[in-house]
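Working notes, structure below.
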Amino acid sequence: MSDNELLLEVEDLHVEFRTADGVANVLNGVGYSVHAGETLAVLGESGSGKSVTAQTVMGILDMPPGVITGGAVRWRGEDLLTASDERRREVRGSEIAMIFQDALSALNPVFTVGFQIEEQLTVRLGMSKKDARKRAIELLDIVRIPAADRRVKDYPHQFSGGMRQRAMIAMSLALDPDLLIADEPTTALDVTVQAQIMDLLREIQEERKMGLVLITHDLAVVAEVADRIAVMYAGRIVEQADVTELFRAPAHPYTAALMDSLPRLDLKGQTLETIKGLPPSLLDIPPGCAFHPRCKRAEARCSEEVPPPHAIGFGRTSACHFAEEVVVNSRA
Amino acid sequence: MTDPNLVGGGGADAAQLSRVDDSGTGPQKPRSLWGDAWRQLRRKPAVVASAVIILVIVLIAIAPGLFSSRDAGFSDLTHANEGPSGDAWFGYDNQGADVYARTIYGTRASLLVGVFSTLLTVLFGSLVGIFAGYYGRFIDSLLSRFGDIFAGLPFVLGAIVILTTFNAPGSNPGAVTIIVQVVCSIAVLSWPVAMRIMRSATLVAKQLDYVKAARGLGASTPRIIFRHLLPNTIAPVLVYATIALGAFIGAEATLAYLGIGVRAPVISWGVMISDSRDYFRADPHMLLFPGAFVTLTVLAFVMLGDGIRDALDPKSR
Amino acid sequence: MIRYVLRRLLQLIPVFFGTTFLIYVLVWAVPGDPFSGKCGQAACPQAYIAQMTEKFNLDDNIFVQYFKYLGSLFTGDWGETFNGTSVGELIGTSYPITLRLAVIAVVIEALIGLTAGVLTGLRGKGFLDNLVLVSTTFLISLPVFVTAIVLQLALGSNGLGLIEASVSDNPSVGELIVPGIALGSLSMAYVARLSRTSIAENRRADYVRTAIAKGQPNSRVVGVHLLRNSVIPVLTFLGTDLGALMGGAIVTEGVFNINGLGGLIFRGIQNRESATVVGVVVLLVLVYLLMSLIVDLLYAVLDPRIRYD
């Protein structure tokens, strides 16, 4: 894997959920890319589509009720959406791996952590049990679980939350994947443990030159770890930028509003900013720009035309009719 | 056998069913668990069919004369053991009585046994269960062990011992006495199941935030139990009661088949089955028709109970 | 783990005493003449009454009676019928037959029930699913004696002629298959539904999603991860059912004329053979409690989360 090789390219992905209450447009043209050694943070509220995108990449989306109605998922140039089931299974774990938010429910409660790591090695690599056990202990060491040789025989519920998440990370690294997708890996953890896990992820990524897709709703986490950020709203990417540029001067009203809503120590005594209203029901997305009902600077055009993502500087896009103005205003 | 405790389904569903969904957000009409359940029930054909069957059975029990021109006591020995014919739809039994007429008139006793057994079981079991769940710890241990004692007795065995103890073979108890005894035996052997369901539902409901809030505000125990716990725990018990009603009707038939349940001069489906015990191999009709009625009635209650359970399950919505 | 086992044992002991005492009281202490009908039409001679009273400790108060009885049970003396036949012997010949019948019933219900439940749980809605749902509802509603009678009529000399009307004195496994089906019919329906629900629920579990995301082959996702979790409630049910069926075999034994505990206890009750009745009930309660304990232990073995309580 060479530095900065393009690993994953999600292109114009459209996904619908067909439910009894109607058709929910969950993904409406999502596209992003990840390179080797790069950390892409996908930021958004619940319902923005960030997890659904990841599940579509992995091929673990519930279908039905989900239906992929358009787009491509290119892994090293190969469109996974048109690949065979067997090929997709091959990719999972060995080329692209995924870790989840709640390690307690994501790990099988009736098998030891060692078993769950080793089965990757024995079943998919044909390793002997002895070798697999040795390697599993090594992996637990890598994620810094103390007394790994004893802990490998423990069950998930015997670990603390942070340790459990580390174990899940160890399991995901077993087959040396090139890309790791982390779906809200620290949301369920304490703040101090959060920091440790994020450090661990960054370290592992740097060492292995892995691509990392970090799905989160937490701006603070993103600021520490990400190289690039993709902000999602109502199934679309509304802004994509380098992390420093994004924080310095957001180019989309939604991103700007998110940053404004962060409590700041130097603004004591003032009212907390919020974003009025609620995210739209995906069964009934507002016409034009999906954010316009909640946008401070919305105009008539916003409710009529869907703003396409357009470039505003090198490697930066924003899906707002007035992106340039937003950038200028936030710099001020 | 039709072990009522088995048909009840155990307390596994209690945890899910005991959550009442009060969320009525936004301008829509608030959708409560019960409103949704009713709407869902109305649509299912199985549930509607069951309800119709049950209604018909109840009607037969209330006014048997509407359904049968002949009296239960009718007897014409010349036709004894004859199979179904245009004259007697279910044929004649070995005493020459009209099987159809007896089946119709037997509905009342069978249904009464079922209803009263269920009432007694559910009331007593729920009471004990709610106390065990609410007070917890020592009282819970005590009441649970007490329930285990009765649960350890296999149903048929326990019923045999109880009923023959109070009616030595050869004695002739009155009609009311024997019905009361059968009802009590069934209830005594089945209440632990109702207790367990109510207990686990109470344990879950106790953890609900608004129950804790009520306690924190100093609400009295009866108020907490009746106003806050009970509405949350009724759902699984209701499901159990519906299915148990059916199961107990089956139990009555089984006990009568063994000769220890309801007996002459009372007529019930079980009595008819018992009477035909020695003759059915040659002439199965006198046993199969009342047997079919029992099965159909139990089926209706089981399907209704299933439907109620599905309708009240927050996960399936 | 040890603490868990001990705790369960401690819970069982008072229940054992409670249940057996209840039965003892019902059989022996209810007012009435315990010797009515023993000596034909006339009342029994005084000598006989004195001898029996001595033998069964009827002069002591009920608690003492009960404990003396328990004492003799544990030394292997299960008492005698009023005629002097050893109750222990009677039980010894009938118990294995009932046990055989119950085991056959459990095996049949496990095989058919699990297969039906797992298949429909995995497949979801469809023809097979509806078929299983309808037939299980129907089976649950059929009282066992109706099932037994219908099977006997249909397969016996009146119908297909596949089986005899009654079994031999020491029935072989083959002879007990049809009675086993009748006995286990209700539980079989329950097993099918239970496994179906368990599989259907666990299919959507997070750990299944993880196993798929790991790239494990589908056969392992279902056969190892899903199944291992889903069978826990089913296996524990099957365990308790074995104990419960032995007590519930009375009806089936009656219909098929099987010389098991059912027949023994029935005759015992008809003839007011109190020692026999109490003996059989004590045995069945003991078996049921033991099976409960084994099932709880099994549960701890199958689900590691329970072990470290």
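To keep things simple, chains are lettered A, B and C as they appear, and every chain counts its residues starting from 1.
Keep this in mind: contacts are C-beta pairs under 8 Å (C-beta built on N, C-alpha and C of every residue); 3 or more make two chains touch, one makes a residue touch a chain.
Owing to the predicted nature of the structure, the values given are computational and were not obtained by experimental measurement.
**Q** Write down the pair of chains with the top C-beta contact pair count.
**A** So the pair of chains linked by the most contacts is B-C.
**Q** What chain is the most remote from chain B, judged by the mean position of CA atoms in each chain?
**A** That would be chain A.
**Q** Rounded to the nearest whole Å, what is the centre-to-centre distance of chain A and chain B, using the mean of the C-alpha atoms as each centre?
**A** It comes to 53 Å between the two C-alpha centres.
**Q** Quick one: chain B and chain C, Cα centre-to-centre, how many Å?
**A** Here the centre of chain C sits 22 Å away from the centre of chain B.
**Q** Mind pulling up the chain C residues that touch chain A in the complex?
**A** Touching chain A from chain C are residues 205-207, 209-217, 220, 225, 228-229, 232, 302-305, 308.
**Q** Mind listing the chain B positions that touch chain C in their complex?
**A** 1-3, 6-7, 12, 145-146, 148-150, 152-157, 160-162, 164-166, 168-170, 246, 250-251, 253-254, 257-258, 273, 280-281, 284, 287-288, 291, 294-295, 298-299, 302-303, 306
**Q** Within their complex, state which residues of chain A touch chain C.
**A** Touching chain C from chain A are residues 58, 60, 89-94, 97-98, 100, 102, 105-111, 119-120, 123-124, 155, 157-158, 171-172, 175.
**Q** Which residues of chain C touch chain B in their complex?
**A** Residues 11, 14-16, 18-19, 22-23, 26-27, 30, 32, 36-37, 137-138, 140-146, 149-150, 153, 158, 165, 186-187, 190, 233, 244, 246-248, 250-251, 254, 265-266, 269-270, 272, 277, 281, 284-285, 288-289.
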